[in-house]
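One chain, chain A, appears in both complexes that follow, with chain B as partner in the first and chain C in the second.
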Partner chain A sequence: MIEVLQLLINGLVAGTILAVPAIGFTAIYAVLRFPNFTVASHATIGAFAGYVANTAFGFPAWAAVAVAFVVTGAAGVVNDEIVLKPLRPAGALTAAIAAVALTIVLENVIRFVWGNDLRGYDLPIRRDWQWAGIRVGPQQVENLAIAIAAMGALFLFLAFTRTGKAMRAVADNPMLAGIKGIDADRVARLVNFVGMGLAGVGGMLLGLDTSIDPLTGFRVILSVFAAAVVGGLGSIPGAVVGALTIGVAEELSLLSLAPAYKTAVGFAAILVVLTLRPRGLLGERAF
Partner chain B sequence: MTDDCIPMSRRTLLTGAAALALATAAPGAARAQGGPIRLGTLTPLTGAGGSYGPSMRRAMEWVASEVNAAGGVLGRKVELASEDDQTNPEAAVRAARKLIDVDKVAAIMGTWASAVTTAVAPLCWESKTFLTTVSGSDTITQLPHQGYLVRTQPNTHLQIGKLGEFLLSLKVKRVFVLGAQTPFAVPSQKRLGEVLSAGGSELIGGLVYDKDKTTFRSEIDQALKARPDMIYLNGYTPDTTVLMKELYKVGYTAGKVAQGYAVNQKLLDSLPAEVTDGTYTATPSPAVDSAGYKRLAKFLGTADLDPYSCQCHDHISLVLLSIARARGEATGTAIRDNIRKISQGNGIKVDSAVDGLKLIAQGKDINYEGASGPCDFTEIGDIVDCKIRFDRAEKTKLKQIAIL
Partner chain C sequence: MEGYLVAMATFAALYALLALGLNLVWGMTGMINLGLVGFYAVGAYVSALLTKKAGWPMAVGLVAAMLAAATAGALVALVTGRLRGDYLAIITLGFSEVVRLVASNEIWLTNGTDGISGIPGPWRGQVAPATFNAIYLVLSGAAVAIVFLAMQRVRHSPYGRVLRAIRDDDQVAAVAGKRVMAFKVEAFALSAAVLGLAGALYAHYTSYIAPEGFVPLISIYIVLALTAGGTGSNAGAVVGAFLVVFFLESTRFITAGLPGLKPVQVAAVREFLIGAGLIAVLRVRPSGLLPERLPRHAPPRTPSGGR
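Right after this comes the complex of A and B.
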């Protein structure tokens, strides 16, 4: 019993790490209607922005996370404006392929500046909390809190602010939103800022648990994509549910399978979900 | 989503057709005799091996430039075509195809990860291209490579045998292996079990994990349930970093041992001392007292060379000397047939390609001993013996404690 409980907790922990960039990915999909795979390199940009803030300027973790959000959000807007925006009219597939190409370019820009070596944040590593044979890391609890806070803030923003409503309008029907006088370009910039900012936060949280190098984001992009698909592409709570589902499914599989098959279990989960519910667990609505 | 296809203009089409015509009309890029000697480097410039590949490549470029400055191989210049294997078998195969089909190289040198070498080797032996590698997995030299492959890295059997001896000398009783999913994961676990049980200790368990995961908490729980007094972390640097952090977080205080390529100085710099202190590492020791090692160290600007740069220095030296020994025949088959004639036997000992080439030009027999070691090969392409250095991490620095 304790073993199952521990696996469940480990799964939630693994899931929350994926959830933050998955929210960013799915938010961008909701508005711009293409899978923006540059989430991978933006997660890496966030990890490095946080790294510079932390090691060069001595920022504590929470402040470095904020820096990661802002820097990555800005990078996301610039990259979209210069590279992806001109290609979007050619179709979602073109934009998606351009995003894959752009992510490789950005990854190599990072490699050009910082090299291939692994880097770690200048932060103490804290021991796990343990009760009755169950253990949880303080870092993981914070990750969970940040993921929930990010989701909550985004939800409130979309539900109650004028700009948020404009974003939803563009997501639902871009043409109608245009007729109503909503500036689609402005909405696109905003969703890129928020979405990529979240990807950056996700990259930094990932780096806190592991270490960072130019491939930090690339390593998790398939799982992030999977989380968004399982939850329902374009659905923000769906991204969180999808990430947690994949995390828990992968960990619980250890009860009967060797750890080497974990990734396969995650993708088998996608097959099952998409077969039974082609629109994902929570459908496509933004929230 | 739209499904428009991009229309191709007449100009694009004509340009493409012209380029194709030019490419096919170009004369064969490299012939076996005459013209420059073309060799390929295929090192991990990115991915898990990314901290080694650039320096491995520089070591080879340096040897090529030294040889060219001294007049080349029997008057022919050496040209290198360099590709990145991305520490990824699929990318490596594409790069190797380019080296073989487009650059027409006689040899591919420097593959690092065992999975990469395993993927690239069949392309090499089928196209009669020689392959030199620093990968350790036992399975590599057991491939039907027809002699078109040698490696300078001790194989798993040799390395793990010595690791087992070392662990026995530490008097550990219960060892657990956490191995990344690689071609050497299972063979090394098996070999370690044999050596430990022969010495009165025990391998109490092991598991193979997916190295691209971001957390290994459940894997660690499984390991700790077996109550080991030593955990062998048999992975690469990125995943080993995560494992070491998590072992610290869970409060594990017993022993840890890893390969030197995983727990290297870069890992030690990126983690706090309390996480890494006391970790043992095993590293195939280059020939640190050799003249070849010292010259390479001077060129690369570091006193402490990694074993792979030393091995790559030897790869290109061996290949060039073999070509010279074959009277300038720059083909994979000529290298295969001559490499053991210049690397072992009773010839004059040399430690640099330039010296060796002069002696070969004078018709003398040579025995190359390089920066990585004696470079003597068995029938199937393994090195005969190698020393392994064991270090212990103390305050984020490695301190040597034994050489076996």
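Right after this comes the complex of A and C.
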């Protein structure tokens, strides 16, 4: 029983962190209508940006996460402007293909500079907290707090600011938004900044728990897709629900599966949901 | 040098098979497969295991590989057939990762990341290695020729016309009374069979397979080959495959000339060039070197110029 409870807690924590890049992926999908696989490489960029801020400049974890957000967001905008935006008129699938190619390009820029070695963040060593046989790491709690703060900020932004409303309007009906004078290009840049920034934060949060290398982002991409598709591709609350579902399912799978298959759980979840409820748990409405 | 060229030509033939397989779904039917390396891996593992562990003849291994890959392809198409193409992109990419995960972890069956070695090849060990390589080049060349002719046949047949109709607008095809779902599943399964055949041929050629040989980068090679050659054109697929192998190999020589780079950096530069190459082709010449020409009975040009 304690074991199940422990896995449940781990799953909820992992799911909350997973929700961050999943929101990035799904938000970009909601506005630009193509699966932007570069979420993988941008998560890696975020992990490395945070790594440099943390190890070279001595930033604490939360501040390094902020650096990761800004650097990755900016990288996301630049990469989209140069590579993906000109290809979008050719169709969602052409853009998706280009995104996979771009992911390989970006991953190898990281590999060129830092190599394939595993790197760890410079963090104070803290003892796990224990209650009645349940262990929780202070870093886990800090990551959880950062993830919740990032998501809270995003919800406030989308719900109450003019720009946030413009973003939702474009996601909901681009043509109508255009008639109302919303600049679609500006919204596209914005959603790339925010979406890829969140991917970067997600990459760093995942790295804080373990270590990072050029494949950090790619390794979680299945779980990120799963979270987004299970919740309903293009739905931000869906991404959160999906991420929590996947996070808990992945941890509970440890009861009967080898740990290596954790990421396959997400894929299985995609297949089940697409078969039974093709629009995901919450449907495809953006917000 | 001669041995090197023969080896490269053999790889180009394997890539040509993969590109032909991809052309059937992506070029003709408009269904993307970003995880084609997964079907390639299924074919390679099935044939390798059946011939090495169960001792079956290679020909049976090849057929079994094609059947296994086709089954996997049909399942993927069944799940995603009714959904938009972007779901297919996600599912196929995910599929290939799961295949690699299984190959890495079911050690009792696949020997894990150590891979399977000593896979039999036709007349391997009975003839000199150079002769084996030459025989294999002929065999894989013949496979390319057969698949190419079969694909041309599909392309020019009424069946191929339905596939193209589905690609251009599946609702119109459905209204015309075509069972769109059945066509999609069949096309995907047939394509996966070709990918599986390529995988089996790869396994028997190199005699060694491991999960690291089936990374997503291979899928990108093939997408690049088909895009550069001309999506929708079978000749383009074959030409593109040879171009990609040539390009891959020339990056090897270019990076060898760069001074002071560590091996990992050389590898990074090469992969970078592949990705950048695909992006460049998509930007500069998205219709490829040999653009698709609609076979016979070309429809009269409309003033709006749609195809």
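Criterion: the second predicted complex is superposed on the first by the 274 of 287 C-alpha atoms of A that agree within 3 Å, B and C clash if a C-alpha of one lies under 4 Å from a C-alpha of the other, contacts with A are read in each partner's own complex, and residues count from 1 in each chain.
Everything that follows uses one rule, which is that contacts are C-beta pairs under 8 Å (C-beta built on N, C-alpha and C of every residue); 3 or more make two chains touch, one makes a residue touch a chain.
Keep in mind that this is a model prediction, so the values were computed, not measured.
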### Task
Could you check whether chain B and chain C clash or fit when both are placed on chain A?
clash
### Message
Touch test for A:260: chain B only (first), chain C only (second), both, or neither?
### Response
both
### Task
Classify the contacts of A:127 with the two partner chains as first (chain B alone), second (chain C alone), both, or neither.
first
### Query
For A:37, is the partner it touches chain B (first), chain C (second), both, or none of the two (neither)?
second
### Task
With the two complexes superposed on chain A, say which partner A:135 touches: chain B (first), chain C (second), both, or neither.
first
#### Entry: Partner chain in contact with A:209 - chain B first, chain C second, else both or neither
first
### Task
State whether A:101 touches chain B only (first), chain C only (second), both chains, or neither.
second
#### Entry: Partner chain(s) touched by A:92 [first = chain B, second = chain C, both, neither]
both
#### Entry: chain B versus chain C as contact partner of A:270, first or second or both or neither
second
### Query
Should A:111 be classified as contacting the first partner (chain B), the second (chain C), both, or neither?
both
### Selected from 149-157, 203-211 or 275-283: the stretch of chain C that, after superposition, runs into chain B
203-211
### Message
Considering only the contact definition stated at the top, list the common interface residues of chain A for chain B and chain C.
### Response
90, 92-93, 111, 116, 258, 260-261, 263
### Query
Hey, which residues of chain B end up touching chain A in the complex?
1-4, 6, 45-47, 50-51, 53-54, 181, 207-210, 212-219, 221-222, 237-238, 241-242, 245, 248-251, 266-267, 269-272, 274-275
### Query
Which part of chain A faces chain B closely enough to touch in the complex?
3, 6-7, 10, 13-14, 17, 90-93, 111, 116-120, 124-128, 130, 135, 137, 206, 209-211, 213-215, 219-220, 251, 254, 258-263
### Task
In the complex, go through chain A and note every residue touching chain C.
29, 33-35, 37, 83, 86-87, 90, 92-94, 96-98, 100-105, 107-109, 111-112, 115-116, 218, 221-222, 225-226, 229, 233, 258, 260-261, 263-264, 266-267, 270-271, 274-275, 278
### Residues of chain C defined as touching chain A within the complex
32, 34, 79-80, 82-87, 89-91, 93-95, 97-98, 101-102, 104-105, 216-217, 219-220, 223-224, 227, 262, 264-265, 267-269, 271-272, 274-276, 278-279, 282-283, 286
